[in-house]
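Multiple structures follow.
Look at the two complexes coming up: chain A is in both, with chain B in one and chain C in the other.
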Partner chain A sequence: MSRKEEGLRRSVTPWGSYSWGYADVGADIFVALGLVFGAAAGASNVAFLFAGLVYVCVGLAYTELASAYPVAGGGQYFVMRGLGDMLGFVAGWAVLLDFTIDITLFAWGCIGYLSHLPVLHVLDASANPAVHFAVVFAAIAALALLNVVGVRESTAFNGMVSALDVVSETSILFFGFLFAFRPELLVHSMQTGWPSSFQLMNGISLAIISFVGLESISHAAEETNRPASIIPRTSIALILTILIFALAYSNLALGMQPWHAIPAGSGGHVHDFWRFLGFPENQDKAVAVMASNIPYFGALAALYVPVLGAILLLISSNSGVFGSSRIAYSMSQFKLLPAIFERVHQKYKTPVISIVTFCGLAVIELIFAALQGNAGYEFLGDLYAFGAAASYTLVFVALIALRLKDPLTPRKFKIPWNIPMRFRGERVEFPVVGVIGFAGIFAILIFVLYTHHIGRIAGPSWLLLGIIIFTVYRKSKGLPVFGSQPRNWSADQVGILKNAGELELMDELVEKLKTRQREREGPPA
Partner chain B sequence: MIHLGTLTITYAGIASAIAILTALIGTLYWMLHPPKSKADLVAKKAETQLKTQLGASIVVFSSDIRSEHMMVLASKLARGQRTVLLAAYVIEVPFTLPTHAPMELEDRAALDILAAAEVIAKNNGCEVRTEIIHHRQTSEAVLELAKREKANLIIMGSYREGKYTGAPLSRTIETIAANAKCDVLIGVEGKHGTLLVEEEPEPVTATVPVLHAE
Partner chain C sequence: MSRRVRSRTYARFKLFNALLFIVLGVFIIAQMAHAIGARFEAVSGYVLGAALVALGIFRLRGAVKARGE
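The block that comes next holds the complex of A and B.
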């Protein structure tokens, strides 16, 4: 594999690694809460629970893989290494879909949250769709421009915003449960608002959105100090944080007695509060609406939650811009995409073609979304869920494949519940959680295809387009389409651990490789 | 249920709020305290050792020992470590004079050097005490001072006594290094490395005085 000779600086601390992931996945609840309530109604907490359990399995898989293979490619690299070049491409291409949707969806959400401020109500998508479109478009263009001229995201800024947001969300939940939670109302809401099976499946497939982005930690693995030790902690902490937030928000919303019986913005109509959150006009700012309806605390939250949410969503949107260009760069290095995506601007030294291409795609997605009026936000959510479910499905298969094909690589963190067995003469451990996770995420992928009318066409079409590009490119370069290029993974792995500063693990791997070689050669004659 | 004015607080709400807060704080605390690696442990041990070493440090000056650059280093090391720095200037009193004999020129030079040491310490954000010592032998004075101050570290610059004395860093410095009961940090300037680096003769032009024609 190709690696930078000078190596990336290992300067990311535990909090830096956590905030790197949080800046991406932490913003998801701001987007997903309203969408899930719009679809799963009184069973939204169940939808979040199901998606959350799958997410725990996804998170554990990423934790094991990112700590064992601390390289920048993330899921695309794991799948390529475990399942070959073509499936590695498919995983990377699905992630690219997610990143481009990420740019649009979170830019849309950012403007949505700002519109919750009375002075910026003009930006509301339902009230002024043309103004909203223009501002989201401008936000995407500005992010593209900033990334082209090379304004780097500050890890310190990310860390500060993440810290503020963790405190803010914890405060919303703390005061929400303390001042407004009625357990009997939760039971009543679930009984009266229980959806049909179709709606529940739709809700589950949208709930997975609130957990997308954990892989950002694995993208930063190459720059993380002592990744094999730090990443398991930061990943698990992130999994728990997001799971707590998602479950707590959904249960609070169902059992919340709002400050005013008729919430501001409801047009004077009395609704169940959770139903009010799921209305199309509130979907893109549900957390802010909820926070502002908590007794007493809401008066303060109404002022800062929209702003903080907008900042976090903008950071997340920006992570889509540089995430897509990073993945495209990594894929082109492995000859999965044309080398044009490796080209950097002569003056700014940034991958300008990648940035412009993927921001251009984001704008196309924005146009498609805007054409659907109030359903536009959900359309973006559908595609986001499809991309995530498709790539996570492959990551689970890669996890199982790597456990069988590469048992020697030291895994400082290993998913629990394994079945010891022998495979091709070597002792391996088969991950039961990998199978459970695969079944769960595959079910969600089926839910997405079954319940999302546009997602079921647009998602697979995206993958088909990618496979055509891959085939044409590989044929033009004389490279195998269905097979993989020969690579010395063992030597690469030693190099990866050396670069990561995991010298003890490197020694362990070298010793295991020597032992295996001695065993294969047999005793000296 | 608890009624507080217009608020109605439920026990389930209180329990949930506390559980969420505890779970999040516990998770983040656990994340921010990962197990130490072998390299971390070695580094931690070295840092603890250095803190002990820096507990009480003496920076030594004399007419032969130039330690200004080491004073800067000592100040930077001492900053934020609660170290008590002592800058001591030793004046060697010849045997032809009594030890309490006034030596105005040497005392004046000592005051200048110690004033500079104070400025260096101040600029680097640490405090320093100063002392002028009259003694027959510099090495003996420094060793006695270290004993009296219960010093953990003696810091000093160096000077070259001569190639063939058997003590390239000077006998004074070597005596201190050999007999001190604490750690000694000696800053050897590059130009003193006569054993390892071939000495280059200084350019003649630099020493030739400029003569002005009448």
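The block that comes next holds the complex of A and C.
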């Protein structure tokens, strides 16, 4: 029995599907908030707004694609199906970069949040970089080991942590706006702290990292029964929740009158609260710093937000380990990566080669980040932004291509605002939101390349390395490098819908395929 | 559907949750409109308020639909 057949049971409930996505994407704001304030200063809320609107388009695209094609490959599968093997590989390879960064960045953030607790201040990256490095390394090694022996985060545990976090973040938002928010201060902060265009672009490109992880929608789709009905419901709630938290935190921080004079112990210099949040030493624990400075509520929040944040970040880091092995597995099944990534451990039946390879890469990234000193966290954020922007850009192109090339696949959820037209003799609907989303995410990709000195070199180098590996592998197997392997996508789609329990949609597709066949053959003589 | 999801307590919780989001959204929009008005600095706040209201309505519709089933 293959690992896929063994492991992927369709047992995830709507809440399970929501919490799965939330544990992935919801953790991002814990990482992004401080980084964006460090870059975009008084325009951080505008940076989050721009990235958030693009993210809504990305989220809608993933919702449509994941409910129409409920397979775990996610962006890589959509792009391969819409644009061919080569670009499918590029999208998957960019996602793999993101997953490996995810492992390091979120493990780093997890330890950062824990260090906000007075008893664990020894773990602080600025105060004790060597200790911090050792503990992050140990966390990555432990996650790798757990994944090799096959211990997976349980959906129930994810659900509990997600529920606690939604309540916690809503409380921060509620008490923050009630006790500490001053709209006049927001205006003042935006006017006095408005950044240069370069900084704003940098901030926007970092803000997109608070919306990374939509691959989890596809992963959940593969394990959800009747995904075409469930996924749109849970995804839309997820998209709105994440957007709300990102906008709420950024507006709150800019207009927040903190409990105590800020900052304590900074050589007597008083700073605006939002500037304090963006300091390198606060970037890896910004949400905890903010929550603990809300009047009254802060006393309680200081005790539990660091712990809750750390748990959520650890789950997200683990999803990087799990997700990278799953994407690599999917890519090797489609002959985009060597078959070695499909190999499973004899005893534990887990993809040990993939896990060790990508956790190893995560450790290399950790070493490079640690060498940057105080800028290490930002270094990881740069790379994370590049991978996300690159893969999301291709997903939009795939969305448009699939609307044109595969109009027969039933789409129970369709992004609004479509232009009906004919393409190669078939009625299709051209997605206007797809074009808007593409323009937005492509702009962010340009911002990443323009403003991130390291991302500009390391990101494209990663893609180049991947293309070399892909070319060598495909040539060695006698497979086309620029072309695609012949596949019967229609038959595959029927199988996918059947496997998903979407039998009505399967019948609808079969009927449409028969009608098209009859039309092509013409009337009987 | 699990028993928990069908329970009256859960339905009430969802309803409370939906109304809380709507009230919060309206509060933020009103606060922004009162203090800042139609200025660029308030745009992000208005979008936040609108998103809260939208999520509240989305959850309210879900709760009503679940009750109907």
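Assume the second predicted complex is superposed on the first by the 511 of 525 C-alpha atoms of A that agree within 3 Å, B and C clash if a C-alpha of one lies under 4 Å from a C-alpha of the other, contacts with A are read in each partner's own complex, and residues count from 1 in each chain.
Heads up, the rule we're going with is that a contact is a pair of C-beta atoms (placed from the backbone, for glycine too) under 8 Å apart; a residue touches a chain by one contact, two chains touch by 3 or more.
This one's a predicted model, so the numbers in the text were calculated from it and none came from an experiment.
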Report task. In the superposition on chain A, see if there is space for chain B and chain C together, and answer fit or clash. Result -> clash
Requested in this report: Name the contact category of A:A248: first (chain B only), second (chain C only), both, or neither.
Outcome: both
Query - First (chain B), second (chain C), both or neither touched by A:P295 - result: first
Requested in this report: Using the touch definition from the top, say if A:V46 reaches chain B (first), chain C (second), both or neither.
Outcome: second
Query raised in the report: Touching A:E521 in the superposition: chain B (first), chain C (second), both, neither?
Result: neither
Query raised in the report: Is A:Q191 contacted by the first partner chain B, the second partner chain C, both or neither?
Result: second
Query raised in the report: Which one of 20-28, 92-100, 182-190 or 200-208 is the stretch of chain B that crashes into chain C?
Result: 20-28
Report task. Show which residues of chain A both chain B and chain C reach, each in its own complex. Result -> 15, 170, 173-174, 177, 181, 183, 233, 236-237, 240-241, 244, 248, 251
Report task. Give every residue of chain B touching chain A within the complex, in rising order. Result -> 6-10, 12-14, 16-17, 20-21, 23-24, 27-28, 30-32, 34-35, 37-38
Query - Contacting residues of chain C [partner chain A, same complex] - result: 2, 5, 20, 24, 27-28, 31-32, 34-36, 39, 41-45, 47-48, 51-52, 54-55, 58-59, 62
Report summary line: The residues of chain A that touch chain B in their complex are 14-15, 18, 166, 170, 173-183, 226, 229-230, 233-234, 236-237, 240-241, 244, 248, 251, 257, 295-296, 504
**Report entry** Interfacial residue positions of chain A with respect to chain C in the complex
**Finding:** 13, 15, 45-46, 48-49, 52-53, 170, 173-174, 177, 181, 183-184, 186-187, 190-191, 233, 236-237, 240-241, 243-244, 247-248, 250-251
